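For reference, chains read A, B, C and D in written order, and residue numbers begin at 1 within each chain.
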């Protein structure tokens, strides 16, 4: 596999060099192209200014901020329960996962821990939101590369997951289900059996994606050897999640830190890929989706019984202090640096969102690629606008 | 040979009407059957269901919508060229359908350089696309137009070379003759099926279909349109009925190319002549074939354009440089080999 | 096939000895430029360095301590907000608000601080590092030479807090319009949405006629 | 599970197979487990789960206009006005009680972000979630619904679903 990728990479680089030589000889004029803010590839309103030489990118600069909602300021005028409702709008595709680190940070400051059953359900919902999020990524990836069908399959199977999330939490997109000290409610009857069914469908979906997209020779030739990010650069820019693991860095916050979640109770595996190219990033996400379904299955089997809420005061005042909690969200490392002054609401919340870092590497990685690769690299880096702009 | 002798004006009228029907009917059918329905089914949905039974009138609703829309031209556009471009693309389709034979006597024209004419005329659409891309005063359109020009010219060549194999085997460039040849020949003495060239010229057929896919700018060769990169490329600025013309031209050309492919490789309108004891040399084909022929043609066209659309809905697209490499490094050498092989075999047998 | 590189054993989670080592390494390298530090057992480590030692501390963290993963960089304004949560009754006199500036972990001397977090991916621990920035002209050296990814974070911090980053190549606004005035995340920047509209939570229950001593059931 | 290096069937053909399969699945009648994944919305409707947060319904009699919901609302989208009234005593012979009577209870659904905090904090069981979702309006100002409209939605409020095995018995709503 690597030799194939190498060969393609080499021919690609050679072609680029030849083009560049030709352009110097011909003294061609460049062209500035605005990709976005309204552009199908930016799924949202990200603008990328690229300077083109023919179809080759000489220089690229993303311009974010078309959707800045000022969450860090908004958190300062809200109480802790209200902030939970707010933050699940950051990465709107994996919204439950946004709540968890914030709640964990508040719990850390209050020095309470959710009961085991709540931890289990949190972890399950966390993984479900990962599946919903990354499942859509897999479909969207197809659209970015010109295949229209995968996205509908992704929507079809993501619907099952959203139904599950809605069945348990009441909210399809914005669950607001996590509470300091536990969860709002227990699962409704029949949910576990249904989830198992859905997980089977999702594994089938992963296989379909493998057949329809990942095994497709055109797909591979579009992604292999494109947008290579070496591990050192990835770390410097703070890339996280599948983007980091695709560069060969074995780092997963679900495994590599001790949080009151149930990840250490199940048998699962962190996928890494040595190539660091676009294909590796997409491939890791596919594998992780499948791994997530397996995690959910195991957790459902071992779910403990008991309460879902620890003892917390009715009016929540978080003691003075600072806490940093980050979790491995669908997009990567999502963390909250919560500063409390012993008030009803936080004093300052720094939201470290994954996409912000992931996209900040774009000027570095887009130099010298072709316009179609701009799209495929952006798609493989996978960002959610709300997660960049917050 | 027609049963009734028509005056010249009536023949002309019939030809014009027939040509319009032959272009619009396949386009509409392809759009409804494949774009609306097959694509939806492949994506676990039903597609349009509201306009007419099973949404069959949807196309008329869409056409009505497009006709109502304002005909916009960007400020910086080269307006005359900009307005002409869609028509040029559509004209190419109409000119193409002129040589397609639908039956022993049901044809618009029948001349000896049919294949040559068809290949020449099909590249007029390139001109229209380039005009559209250049005159739109839009960078995306420009990129799309340039990509289209490069791609269409690159794929013209394998198409020509693939057809050459058929011409060698048939020994004629007259499309009508090619059809007759395919249906009256025999495979090693067995004439139960005639000799559709898809069997002997399978490589040519495959190359022809790939080139058609590229000529039609359908996925996986749709970079000139590339809605996720170039936001529909050369069509970006068009709206209203000019967009409609592009749209019709896209699917009508898909239909016409399928017709041509079925003429060249699938035996066209004919059924094996041995079934009814017709004689190719004297042309003693029954008159009812003038009615059955078009139906046979349409069926074959539907199958072929179904395959074109099926591929379109399943694949991602190539990158521009990969596409060019594929054309020049794979398709052209293979089609040259095919010609050599055909020529050698033709001489040998 | 290297695609499925298997997971290694769960690496041991960090102990407090590791964090003490971080503080020690910084102290060795920076001397008294390391102003303060705090280790919360089994949780995290905070250090505060002098403003002029910010870049040097970054180098030490990256090269000596091995925190080569850049997590985030941001600022914090320690002044309590003069506006509260905007839940005041406009008819009542404005409530008294404490306006004393009290810094958080690892102390501080100025109203605003810059803080960042870097992580050691092989030993699985992170460090939160803070530095004061002067009140009158808040500025600090840029971290881009140390962590390239600090670029966007510093731009964001610049527009949100008005903190300058010396040596940053491109301190344009990231989110806000170019001619935006003010720095939204400073506490004295009002959140207008909460000021232009009266709080609907103000008790609006009409008492019984002749019963005006009655209070609403607000508590 | 890893992607095979040299697939037996070329990936291009496999892809065609996947789309063909899906088409067959969609064309299969519903009875046989096929059918499309979509429903034809105005003609058939999907039932949302019982817990779905569709719209907030108000049981006016229970409301004491204590303002808790309006205060805990993150978006400030609940507007309450009330007045005090004398109500007949609970026990015969008791003194008449002073109760808060609701004059206005508006929820601006254009602002509401459906977080459910108001339903949760309500100490008197006056607010409920209903899975009802068909109340879109052509004008954004029309999304401000008053207490009569909120009261009408009470009919659509379902019973809370039974809990999964292993859950702790809970009191309250």
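Definition applied: a contact is a pair of C-beta atoms (placed from the backbone, for glycine too) under 8 Å apart; a residue touches a chain by one contact, two chains touch by 3 or more.
Just so you know, these numbers come straight off a predicted model, no measurement behind them.
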Worksheet item: Which chain pair is joined by more contacting C-beta pairs, A-B or A-D?
Response: A-D
Fill in: chain A and chain D, separation of their C-alpha mean positions in angstrom
27
Discussion item. What's the distance between the Cα centroids of chain A and chain B, rounded to whole Å?
Written reply: 44
Practice prompt. Compute the distance, rounded to whole Å, between the mean C-alpha positions of chain B and chain C.
Written response: 63
Item to complete: Compute the distance, rounded to whole Å, between the mean C-alpha positions of chain C and chain D.
Response: 37
Worksheet, complete the sentence: In chain C, the residues touching two or more other chains are 1, 3-4
Response to the item:
Residues in chain A with touches to at least two other chains are numbered 1, 78, 149, 153, 156, 212-213, 216, 218-219, 283, 287
Discussion item. By the touch rule stated above, which residues of chain D touch at least two different other chains?
Written reply: 1, 3, 5, 12, 15, 18-19, 22, 37
Response to the item:
Listed by label, touching pairs are A-B, A-C, A-D, B-D, C-D
Practice prompt. Using the touch rule from the top, collect the residues of chain C that touch chain A in their complex.
Written response: 1-8, 10-11, 13, 43-44, 46, 68-72, 74, 76-77, 80-81, 85-86, 102, 104-105, 115, 117, 121, 124, 126, 128, 147-149, 151-153, 160, 173-176, 184-185, 187, 189, 191, 194
Worksheet entry | Touch list for chain D against partner chain C, complex | 1-3, 5, 64-67, 70-71, 73, 76-86, 98, 100, 103
Discussion item. Applying the document's contact rule, which stretches of chain B touch chain D when the two form their complex?
Written reply: 38, 40-46, 49, 310-311, 313-315
Item to complete: Flag every residue of chain A that touches chain D in the complex, lowest number first.
Response: 1, 78-79, 81-82, 84-86, 89, 117, 149, 153, 156, 159, 163, 166-172, 174, 176, 184-192, 208, 210-220, 283, 287, 290, 303-308
Response to the item:
So, in the complex, the side of chain A touching chain C is made of residues 1-2, 64-65, 68, 70, 72-74, 76-78, 108, 232-233, 235-238, 248-251, 255-258, 264, 269-274, 283, 287, 321-324, 326, 333, 335, 337, 339, 341, 345, 347-348, 350, 352, 356-357, 360-361, 364, 389
